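Presented below are the structures under discussion, each in the form of structure tokens.
In the two assemblies presented below, chain A is common to both, partnered first by chain B and then by chain C.
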Partner chain A sequence: MSNLFDLLVAGLATGAIYALVAVGFTLLWQTSQTINFAQGEFVMLPAFLILAAMHVGAPFWLAIILGILLSMILLGLAFKLLLVDPMMRHGVLPLAIATMALAIGIKEAVKQFFSAEASPFPSIVPTGDISILGQSVSLQSIGVLVVAILAVVGLTTLLNRTSLGHQMQAAAQNPTVARIIGVPVERMILLTFLINAFLVALASLLITPIYLAKFSSGEVLGQAAFIAAIVGGFNQVRGAIAGGLLIGVLDNLAAAYVSMQYRAAVPMLFLIAVILFRPQGLLGRAEERTV
Partner chain B sequence: MSGFAKPLKIALGLAVVAALIVVPMNFNRYGLFILSQWAVMSIAAMGLNLTLGYAGQVSLAQGAFVGIGAYAAAIMTTHGWPLPAAILAAIVLSFAVGWVLGYPALRVQHHYLAFVTLAFSTLAFLVFRNESWLTGGIYGISNIPRPHVFGLATNKPLPFYYVCLGSLAIVSLAVWWLIRSPWGRAFMALRENPLRAQSLGVDTRRYTLMAFAIGSALGGIAGALYAPLTQYIDPVPFNLSLSLDLLMMVIVGGAGFYFGPFLGAMIAVLLPEWLRFTEGYYLMLYAVAVMLLLIWSPTGILGILDRYLAERRTKAASALRAVAKSRLETVQ
Partner chain C sequence: MKSTLLVGALLTVMTATSALAQAIKLADVAELSGGGATVGTNWKNGIDLAIEEINAKGGVLGRKLEVTHADSQSNPGVARAQVQKALDAEPYVLLGPGYSGSVKVTAPLAAEAGIAQIMGGEAAELTQAGNKFLFRTSFGQQSSMPKVAKYIHDEMKAKTVAVVWVNNDFGRGGRDVVVKELDRLGSKVVADLSTEAGQADFAADVGKIKAANPDAVFVYLNEEESARILKELKRQGVTAPLMGETTLIGQKVIELAGDAANGARGHVGLTTDAPVDLIKAFREKFSKKYNYVPDHNGLKGYLAVYMVKATTEKMGKVDPKKFADTLHGLTIKAADEPGILMDVTFSDTGDIDRQSFLVEVVEGKQVVKQVLPKVK
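And then the complex of A and B:
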């Protein structure tokens, strides 16, 4: 059974990373109806920004700070001002297509300016194994899990316990009324974009040491986060967290018990089942259908 | 395009068709391959335009249907069947699968539907890759023969380009007829206001499934031509990014415009080739171009033209009104 225990911990660790990415994804959807098809590439890019900073001689800790700041400027501020703002009023689909093009652009830029090869990436959490209750567990998994949980707890505290968080929720749920009662809606939307950029940078820091930094690594990750967001509930932060953990565990168990070839099919089938039988997601509220 | 006079439109259409027949005659092998690919992708994009642009159902699975058609054609023709039989099988198969994929559209809409079809796309890719007894797995299927048309071999690039172009012409005429038939109007009613369509007696359930099935069948035809075009297929070209590319073609060209898919496929297939002189940068430039275009005109290229013509018509109409008004005033 030690195998199963190990799988569960590893699954929760990857799941926690998926959850971070999925939470950012749902935040963008809630505040600005952006379906960000480049979310996976958003996770891939910060690792390369950090590597670039280290390349010009910055120590690791400084490179991390620079990388996160740059990500927030590029993937938060610039993304919103240059792409989302001009397109928001034209509906969901053109913007979604534009983010698909953005995903191609980011991938190609990384391939061209950095490298097409996978590069190793230093871990911010200690590696090795420790023994818990007689089971040996990867220290990295535990570290990833702890950092991700801290981030999620921090975010939910911000959203639910502070005035700023309440203003953000108001801006997301009913922008018109929020504006009337004096919430600076525009600034709140910008804030969610910055938070998303921070979350993807954090996810990048956590996942890249495990899977290496590669220009194409965003594809799988983006899809997993996508599925996590839908399965959990598109309109709920806690739904995205639950969805992320669930998909992470499911993915790892499928790899071990179904077959290596069809492991990717399991989350997909699960996704189809959830959409057909519980379209609002496992934890989501039912949305009014437009028609 | 209704702003042009009818004879002018017909002349323009004939000129384009003549150019497509004559100009490539002295193209090299690679140029003909790219042009054939444009014809094939136009067919697939036209199918998606029917599902998305006319009937308003978002699908991220068109690439999977191209794959289904390609594998059907590859498997059958390498076992000695003629290509027309394989195309027929591809149509029937993708029509049936598309019909089944339409069922989720009866329950969920918009982005949820997009995700169901996205999941289907990934599942189809896994089947292509893993069922090696049927599809050859990652090694794919090679030596796919090209057909004989009226006793003429089409092994050389130019004759096969004409096969692709001819198929495109047939499909274009069929789609032209379809969107002008009551079915086409029912599709548009479905897109604009499903509730009203239903209360007017349109069987929305059947037409939703039909929109999916016909759109998918066109994807199947495109695939059945793609297999003999490349003469070798493996699962990689039919992954999710083909579906995303096709969706991009439809939106960039102009969803819901008849000529949108032709233009969209032209940009997606030819623009990267024209940008090749920039070497590693060409896909980056392509991505930037698509984003700029969508920021400028979210309804695609034909959206720009449409807006321009609409503006000109309103200007002309208001000028006429002004003249009429001044005449009335002078009479008084």
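And then the complex of A and C:
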């Protein structure tokens, strides 16, 4: 029982990070039909930006702020202006392939400028345990879960409760009509790119102390988050969140109760089942786009 | 006039050729990127340091040493291609790779070319295939694992043990020997967990260890994964003592795992914290040159080059064909060749006999708890 509880908490903590990254997938898809195959590398890079800031003498808190700002500039603004906008007019597929190339570019650049070796990364959550319902749970798992939930709640509040959020939804659902009623569609699209960059930087901050800062660490994350987004529903933010949590828990339970060797296959099998029987995803809606 | 020009040209070519022949060429293939980058980078830096020292003192038999480094990307397939390329250039001796899987696929190539290969792999099977050209720089698992099992049984008094290993040649080789030895000594393996190379998430694995509630945990993974599982073991509050090999308590692991490495113990064939003056001096030179403390792979690379030097000086000539025969059965004493750091004897299979150490991580530092003497 205690083992199951540990697995659930660890799975939810990992899943919450998958969710953050998966939400980014859906946001970009909703507003600009971008499938970003460099999303995993987007999670890997901010950790190195933070490490670089610390290397030149910035304290950790300042390095975090600088890292997040730089991520928003590089992975939000520059990504949209320099890669998505020029490729977009050629269709979804060339853009998807361009993001694959970007993924390789980011990985190799990090390897070149930093190191091919893993580096330690400080944790924003202190190590130690607390007791919940008589079970001891690590502070780090709780911290990751809490920060991720706060980010998701903040995002859904922004989308559903504010005028800005409504404008973003309008821009995603029907850009032409949105434009007619005066929604600055281009600015709304840019905003989703910036939000995606913020979310991946946050995910980076949470996952890197556990996975270590390494040029290749985005591969697993990107794949897991992509599966999570499809399983949950590529056109629903709440679907991506549910998908992320589900994949995180499923992976951990599969490793413990099915087979350590085949653990990576279980989320894939689940993905195939979802595509066969509910192609729009668990919470997605067929032929509809909203954010 | 024409013939004078021809003679002049010939002389120039001959002079150039003899100048080239002056240098003794070594080829290194190592894990400079990918999962084994820590291993390969240390190994390479150790080699470069030794060559720099030897050349500064006039080289080997009056000839300078030269090395080319190639990256195996920690991938056996790439390693094989790189070794083939290196052998085509006819080096004196081949150095590396460090990963057992890569050594396994490259050793037949070097043997076929009749070139001695001095490598960093530790899998037991490597030197058991009758290869006459393969030499270790550190203990094979068949020498180290019985010592580990004995320590778990005798000193840690563990009746039940969880064994976590990485699913590659290195991990499987170590796991097989240690499980057999633990069984022989009467310690029961209550959890036998295989993990993947490059694995990032160890929550489920540690969950299983916790559920098995063993008296001790034997961890046999590569460096980065060792750091990750140490953090997860701490995160989930596993208190059973941890025992491993060099890969559990190496400098890089300590750096990556931070506090979580404290208390972990390991049997170490080579450590820069060894209470040996020559090793202390090596550590100082290495740290000064590269700005970090090397792990055992730095020592292995350094020793590989000094093995080349001592063997060549023993032969009194540079003869790639006789190199392997000369090194078999050779004892190199640190008093005669300080670069070899500790007295060492090579067996007919290319295995080594040397003193070794039992180390514990105390407050982020390797502390040597016991020195185990050379067997013969």
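Here are a few things to note about the model shown:
As a convention for this text, the second predicted complex is superposed on the first by the 287 of 291 C-alpha atoms of A that agree within 3 Å, B and C clash if a C-alpha of one lies under 4 Å from a C-alpha of the other, contacts with A are read in each partner's own complex, and residues count from 1 in each chain.
Keep this in mind: a residue touches a chain if its C-beta (ideal position, glycine included) is under 8 Å from a C-beta of that chain, and two chains touch if they have at least 3 such contacts.
Computed from a predicted model, the values in this text were never measured in an experiment.
After superposition onto chain A, partners chain B and chain C are found to sit side by side with no clash. When the shared chain is aligned, no partner comes close enough to touch A:E186: not chain B, not chain C. In the superposition on chain A, A:A118 makes contact with chain C only, while chain B stays out of contact range. In the superposed model, A:Q261 makes contact with both chain B and chain C.
Using C-alpha centres, the superposed arrangement gives chain A a vertex angle toward chain B and chain C of 70 degrees, stated as a multiple of 10. Following the chain A superposition, chain B and chain C show a smallest Cα-Cα distance of 6 angstrom.
Common to the chain B and chain C interfaces on chain A are residues 111, 261, 264. Against chain A, the residues of chain C that register as touching in their complex are 32-34, 37-38, 41, 167, 193-196, 198, 200-201, 203-205, 207-208, 210-211, 224, 227-228, 231-232, 234-237, 252, 255-259.
Residues of chain A touching chain B in their complex: 35, 37, 83, 86-87, 90-98, 100-102, 104-105, 108-109, 111-112, 219, 223, 226-227, 230, 234, 261-262, 264-265, 268-269, 271-272, 275-276, 279, 289-291.
Listed in rising order, the residues of chain A touching chain C in the complex are 2-3, 6-7, 10-11, 14, 111, 115-120, 127, 129, 136, 138, 140-141, 209-212, 214, 216-217, 220, 251-256, 260-261, 263-264. Listing the residues of chain B that touch chain A in their complex gives 58, 104, 107-112, 114-116, 118-120, 122-123, 126, 129-130, 193-195, 240, 244, 247-248, 251-252, 255, 280-281, 283-284, 286-288, 290-291, 294-295, 298-299.
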